[in-house]
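One structure is given below, encoded as structure tokens.
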């Protein structure tokens, strides 16, 4: 309940409203990108500092392995559902599936904010899990595409691999995490004001804008079918609940289990679209961006996060 | 009238992530000089689009623009033609006059 | 006096200086727009939180009605003065008049900062009055133009109405106000650092840039006449004093009466120019932007605000 | 020489708030594909201007650019002509060659 | 077919700090109307470049673009020709059609 | 040692890494420029407030004179070394020399951060010295070029002088300094949050990006020779040590002497390149930008600053 009076979520709703009313006050792209960089640097740092405080633990390793398994398994299951029930061709199905195996930084950040507000914060190492889960799904997606879809022999594989593994967001996130680890709490203090205080406010403005763009994308979408929209809501719920259950199984605390669910449920809209456009140019970018950004993302922020949090609170025994 | 030499200007509207591909194709075709121009949006069969950087450039288009010889433009077009649909690019060229023949 | 050693105002003067010296260090447009969005979100939130604290009151309703009356009456009076003494044609007069009936967010924000520094803060509900006063003048201006100037029958009225009423700045301001109302003080706290602490600093930088652009516009202006510049200074003073008097009459506190004067005196340079360009394309956009942004805006910041504040302090009996 | 088809490129320099009007006119004229390009400033009879976003776009110009058939370009020009002064737009067109005739 | 008049479009790719020089040259040549377009990068004999604003514009290029009469374009080209190397500018022009002869 | 675990420096290293891995997450130019403006406004203000606190002193004047001498002498010495050992023509040598006589704001800011961390903060007036040192080298460079290189008689001198002296960064820096002086500590307090708290965080992000751009520039550089790279490392060290020694000689405290060394060692990459492009268009801008931004700047941040600080600590007797 409280979730819905939180300014973070209210700004998101304001964005949705503004978009559907076709109101035109948009955040300039440069600012949006700057805020996105800021969010990644900030959560990377915060996570690193927290791990520096708490030390490495078996939970960290368990969570990392669970995250990797999820990000490889999810695209495979989705691929066959999308080609079957979803009626997509193999190339498009592979591209969409890769998005859902990967993760969304903003969904994760919003989720951790909500979890903190519900007094069940997730552990700092979940940021490392987030970074780990960004790329494997891309490779799984490409393998699926080349096996079942168009196989392009003349692909420039090294270029693609570099683009994927050294994707800017992965490097920034990991780099900031490592900096947080090295600098620790004392090193972090002098720079904390920018990275901590500004956090939620920036998130508010960012969500407002994300939602506006998502809604615009939805209005302009063409290749969307009812079946696909249905899957773009069903899959986050299924993935999210499985993620939470897996988290509980491996003994994570309630907040971290919920965060693992949120990661599983979320779909990428930065790293994966860029990689897919390059590796599978024949796939319809309008389709995968709309499903991920305009259907799954708002669903997760509004309904998904509370569901996964509630499920975690129910099954994880304190 | 100022003495000028006629050349071709070739322009390719392309999604940001695919730009490096176009640059490589251009280099092979002998187009060594080019300029990249930004766009702010557009409309076509896939609907209206805007330059939203939320997606980190995956949804952004730029224009690869080069003034070059007819031969280079030709060989670039020949390589691009089979890729038109797959890459979703828009290609066109036009006549321009340049001041010095050497540089282009 | 103190006003003039305030960094807010000093940065404004620095901007003016830089512009007249034709110094070239400009804030990138994206940043300027981002700061403008930030200011609107911040004052909206602050106002909403304050009203949530203080509760709704009869003053709020009285101020709202006074604001509406001012924003409808001012353009009518100005229109006839501009066509008469100002020698403008009806279309241009209507376009200019609409700007002065509407309001300037940055003038208002600067004014409230100055008032707070003078220990006569305005009430939180004045933000709601600000939002209310943004659009009515546009409609009044268009009615004047269609009655006395060029009447364009084939206008797309619904498009125009949507553009005007759902103008981005109105939606953001109102939305942030409502969010502040709902979230209240506790909800606001976690996001306060960005929205409160940054406030004055951002305002400094923004004023520096506004002033630079205003001065550049003035240097490049062509269709300006002495009579028009005279009116662009006379009207804010007259409107401001009338606004303060009206505020005193309806029983507002001293700060709020001054703020109502500032709103009446200020001229729009965001919402109204966009609407006029669309609805009255034949009007000279260089003219109305220059009068509003390059004459009235700096006049109000430097001289107007202290005058209205002083007048309010004089006539409102505590 | 690569086989190409000749088309017209029509460009309209227009104030941001009026862009949607131009888009509508283009659609009626049969111009379904277009790209919007940003500008950074300019100069003319009304003096020098810059892309200042302080005014939320009211003072910003963009270029509506479309490659289309001669007929569509013609009918678009016919609708735009009476609006030239009122909208303060600048319109020009030029010849371009495209690779495939179908898409334009 | 819509009645049009033929004019020249002249484009100059120039480093930001030198733009004011080009504007002055244009004015002297009788080119009174122009628009400045941004760029995002490019490549040439001096390697690949990007629009990095770290250097405050010293490393940024813009395009000076003007539609003008053949005579003005000619005299502008004549003044620019000796400066091509020193300024590191790229100049080309092309044919365009405009709707009204008066304005250009 | 501590220097290397400071997040400020770690982010710089992250930027270098990202650039050499050709990772693509770039800060939008508008944001980079905004941060640069912010840094200048912030250090200007801070310096002004500090001088307002401490009052004018003979050290201030001595430091200013020393700075001026350095910024005139350095280009002359460099010019002859560059034409001799460096094998550059006179025009290019003059352009490069001017860069090293001038200063880099970001190097200075990073240096003062490091000095503060080492408990030897520099005095507030060093900001004034920074502003003083920005432009004289430009004039020295142009004199050298016109005497030994291409002499362009038809230069528009007043335009150039205005561009140089009223260069945006000089105006902003000086303006903010004067505002800090006038407003003093009390006036600064309300705007401090933006200008103080954000400081180090912004610097982190900015260094990350600077370094990325420097590395990219290095990768793409063409006209670089081994001799020039050698000089671009030798000169900062020599200039830096001389600067520190001069500071010690005139009786500056240890932090300020180190800061004078940092100023002497640093090379401009904003004001001077713009001026050189305008005044000496025939000079190779790729060359001077690469030497200054891609060789000297990272060298100073990583190795130079600790060296000058250590030297200052050694020779200045407390």
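Each chain carries a letter (A, B, C, D, E and F) given by its place in the written order, and its residues are counted from 1.
Here, contacts are C-beta pairs under 8 Å (C-beta built on N, C-alpha and C of every residue); 3 or more make two chains touch, one makes a residue touch a chain.
Note that the coordinates shown come from a computational prediction; the quantities given were computed from them, not determined experimentally.
At the chain C-chain F interface, residue numbers used by both copies make up under half of all numbers present, so the two copies contact each other through mostly different positions. The chain with its C-alpha centre at the largest distance from the centre of chain A is E.
Each chain's centre was taken as the mean of its CA atoms, and the one lying most distant from chain F is D. A count of C-beta contacts for the chain pairs C-D and A-C puts A-C on top. Between the CA-based centres of chain B and chain C the separation comes to 45 Å, rounded to the whole angstrom.
One inter-chain figure worth recording: chain A and chain F are separated by 40 Å, centre to centre, where each centre is the mean of the chain's CA atoms. In terms of their C-alpha centroids, the spacing between chain A and chain B amounts to 34 Å. Look at where the CA atoms of chain B average out and do the same for chain E: the two points lie 19 Å apart. Within chain B, residues 37-38, 53, 56, 94-95 each touch two or more of the remaining chains. With touch defined as above, residues shared between interfaces to two or more other chains in chain A number as follows: 25, 28-31, 33, 168-169, 193, 197-198. Residues 13, 37-45, 61, 63, 70, 73-74, 77-78, 80-81, 84, 90-95 of chain D are the ones that touch chain E when the two sit in their complex. The residues of chain F lying in touch with chain E in their complex are 29-30, 32-33, 36, 159, 168-169, 209-210, 213, 216, 220-223, 269-271, 273-278, 281-282, 285-286, 289, 293.
Contacts from chain E toward chain D in the complex involve residues 1-2, 4, 7, 9, 23, 32-38, 62, 67, 94-100, 103. Chain F makes touch with chain C in their complex at residues 28-31, 33-34, 37-38, 41, 45, 162-163, 166-169, 171-172, 175-176, 179, 182-183, 187-188, 190-195, 197-198. Chain C makes touch with chain F in their complex at residues 5-8, 10-11, 14, 17-18, 21-31, 193, 197-202, 204-205.
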